[in-house]
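Before anything else, here is the set of structures, which you'll find just below.
What follows is chain A paired twice: with chain B in the first complex and chain C in the second.
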Partner chain A sequence: MTFWQVTLNLLDGFGMTCAIFALTLVFALPLGLIISFGSMSKFKPLKAVVRVFVWIIRGVPLMLQLFIVFYLPGFLFGSPIFNRFTATIIAFSINYACYFSEIYRAGIEAIPRGQIEAGQVLGMTRFQIFTRITLMQVIKRIVPPMGNEIITLVKDTALARVIVVVEILFVAEELMAHAIIWPLFYTAVFYLAFVGVLTLLFGWFEKKLSYYKV
Partner chain B sequence: MKKIISVILAVLMIATISLTLTSCKKSDWDNIQEKGEFVCGITLYEPMNYCTVEGDMSTLTGFDTELAKMVAEKLGVNVKFQKIDWGNKYIELKTGNIDCIWNGFTSNTKDSDGIERADKVDFTHAYLDNAQCVVVKKSALANYTSAASLSGKTGTAETGSAGESYAKSVTTVAVVGKTAQMETFMELKSGSADFAVVDVLLAKQLVGKGDYSDLAIVEAINIDKEVYSIGCRKNSDFDEKINDALVELLNEGKLETLAEKYNVHITDTLMALKTAK
Partner chain C sequence: MEFLEVQGIYKSFGNVEVLRGIDFSLSKGEVLSIIGSSGSGKTTLLRCLNLLEKADAGTISVNGEIIIDAKEEDSYTDKEIRDKRLRMGLVFQQFNLFPQYNVIDNLTLAPKLRVKEDKSLTKEEKAEKIEAIIKEAEELLASVGLSDKAKSYPCEISGGQQQRVAIARALMLKPDILCFDEPTSALDPELTGEVLRVIKELKSGDRTMIIVTHEMEFAKNVSDKVIFMADGVIEEMGEPNQMFSNPKSEKLKAFLQKSDEKF
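== the complex of A and B ==
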């Protein structure tokens, strides 16, 4: 196989990698915010349940979660509920939402209490205080830790291969049937390029948000 | 109010559980007919199941692929091929993600846990002869003259394969389990394993070619003959259906033509079932 053919094949797999990455973000970013509200709730039982949930999700390997989501329904009911790709997105979204929720919580709790009180004095509702005072400051503060998690996500997509989602590493391993090994190492270029673009993007975003600096 | 809700929830739960339990009672063959298709769990490897255009599953072909299509035609249903991780084949089968393991599946062997494969799945007739073989680096070929020379060496094989069971039986040192047969060759090349045990059909296809030109099959070591069967769920009725179709294809001479095309050998036990016309 020529270099060009291998690249095309790997690009196919890379498309799947990108799909897992993008869809996970689409679901995990808002879900994480909901979970973070739960873990900060004044209603004690809800708070306890959410914190235990976060503990379980963060405490169990993502690979095992993939197995659970994909295989467990089949074990219990004799027939599978999700297809491989759906199972992957569900497992990834829940897992990453839990990590995101803790980052959100750190950001939200870092806003000085005085600002919220000031909002209350001005007669703003809780929703107004959150959207107009807290949220924009939170976004600014959480960009570096979120960048960290999102870059980790790029590489975690490789885990999906354990339930045979044909992403780039899986493709590279299949290419070994053509008596070539180098594509496996060549995949690093794709990951590096992807993470490189993300790094630049986060740098630009951070700069955009540093509106207090001259 | 809360009590009422909990009672309703409990009733709903019992209803769903009993519903799912009753739906389980249908036989495999009934389910397949209802779906109009059965799903074969495969891994890609020549000459059993492979793509002529890499990465394009619509170009899937091979001995097992063609045979499965023929059997499906006889049974009047469609066939779907699903790539699986060979190490998870029993889970895939048990959870209903696939209906049979049809991928050069050695039936007359034990898994590395010491349990006969025949106790884990329902096998069809053995339809093809195969053997495992030992692959080593060409430069070290002279050191391997018999099975005894493998003792004390690090082996590698596909996790859950017949080769893994063999490797574990001949060496006292660790056996590195890999998720695909091809990956064992990388262990050899990198020096992290001394010998690999793989299907002879696969080895003949790859060893000595491309990146594997520095590897060689140890001809001096002969491993007992194996046979391939198709694995169905335990207590399934699907294996009987496949058996009937296989014998029909045999009587029509189609099975032999296919075996000639791929240069593989049909088992004597299956040939004995051929009813002379």
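== the complex of A and C ==
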């Protein structure tokens, strides 16, 4: 196989990697916010349930969660419910939503009480206080840890191959069956390029938010 | 009936009684200073007046209208609480400016939102009102001597300037009564003067104000009335001259002596 043939093959797999990455973010970013509200709820039973859930999801390997989402329905009901790709997106979204929720929670809890009270005495609604005062400060605080987590996600997508989702590393492993091993190392270039772009993006965003201090 | 009537305010946190029956009244345009050692309940009292804390008992009325009745406080809707809060303004010890907005936006944020959510206004009326709000903010900034800082962010100006912005921001909502919780305590000594000067100017503008302060000299000069709080009660109340030169209660005597020693 020529270099270009390998590259094209890997690009195919890389497309899948990007799809897992993007869809996970689309679902996990908002879901994480909902989970973080649950974990800060004043209603104790809800808070307890949500925190136990987060503990389980963060405490069990993501690989195992992939197996569970994909194989468990088939084991219980005799036939699988989700196809491989859907199962991957579900497992990744839930897993990452839990990690994001903890970052959101830390960011929200770090907002000084006085900021919210200042909004209250100025007659603002809870919604206005959240959207106009807290949110921007939370975003500024969470950009660095979110950047970290999102970069981890890029590399975690490789786990999807355990349920035979054909992402870039899976493709490279297939090529090994043809006794060529170098494409495996070549995949690193794709990951590095992706992470490089993300790093620049987050750096730019942090800089853009640096006009004020929280 | 006086402009502000505060009657029988009680407040506990758990089983700690922080306010144990606070009664006082204030006429329109008068300035009241509240002094007392730390932990005596001054902040809690201001917070009850501004509905940041729910009093356990008591009533507060402004201009003959009961705005807070502890018995009914649980039944107030969010909208009612917001409207009631606007009767009072509060300037915090830590300023609490919004860091992501520049000075002028700190002033206009809340009043603009009130205009925007008012469904009875047409688009043109809203635009007109918002223009008026911006103009007013500029005037208020000028009155606290900060016209040139309108576009600065809070992190770019000094503590004294931040507190002056916070005062202007509170005034934007046209409160009947403006409360200050130790407005200069978080400031370096050389910056307290500019803030106290602004408060003094407000007095000549006939503002009704309640000022919790440790600046005894200032309290003596600016107030029409002084309250000395100790352990959740009003230990002594009166005219500033009489209070400071001829205190009656032992506790006030001891307190004044201690605050003299600091200098």
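Keep this in mind: the second predicted complex is superposed on the first by the 212 of 214 C-alpha atoms of A that agree within 3 Å, B and C clash if a C-alpha of one lies under 4 Å from a C-alpha of the other, contacts with A are read in each partner's own complex, and residues count from 1 in each chain.
We take it that a contact is a pair of C-beta atoms (placed from the backbone, for glycine too) under 8 Å apart; a residue touches a chain by one contact, two chains touch by 3 or more.
Everything quoted here is computed from the prediction, not taken from an experiment.
Superposition note: with chain A as the common reference, chain B and chain C can be accommodated side by side.
By the touch criterion defined above, A:Glu173 reaches chain B but does not reach chain C.
Of the two partner chains, chain C is the only one touched by A:Tyr211; chain B is not. Of the two partner chains, chain B is the only one that A:Val164 touches; chain C does not reach it.
Once chain A of one complex is fitted onto chain A of the other, the partner contacts of A:Met124 are limited to chain C, with no touch recorded for chain B. In the superposition on chain A, A:Gly74 contacts chain B only, with no contact to chain C. Angle at the C-alpha centre of chain A formed with the centres of chain B and chain C, after superposition on chain A: 160°, rounded to the nearest 10. By the touch criterion defined above, A:Gly114 reaches chain C but does not reach chain B.
Touch criterion met: A:Gln137 reaches chain C, while chain B stays clear of it.
When the two complexes are overlaid on their common chain A, residue A:Leu200 makes contact with neither chain B nor chain C.
Here chain B and chain C sit at a least CA-CA distance of 25 Å once the structures share a frame through chain A. Common to the chain B and chain C interfaces on chain A is no residue.
Chain A meets chain B in the complex at residues 1, 5, 8-9, 12-13, 70-71, 73-80, 161-164, 166, 171, 173-182, 184.
Touching chain C in their complex are the following residues of chain A: 112, 114-115, 117-126, 128, 132-133, 136-137, 140, 211-214. Taken together, the chain C residues at the contact with chain A in this complex read 50-52, 78, 82-83, 85-86, 88-90, 92, 94, 96-100, 109-110, 113-114, 153-155, 169-170, 173.
Residues 20, 23-24, 31, 44-46, 50, 54-55, 82-85, 88, 91, 94-97, 179-180, 182-183, 185-186, 189, 206, 209-212 of chain B touch chain A in their complex.
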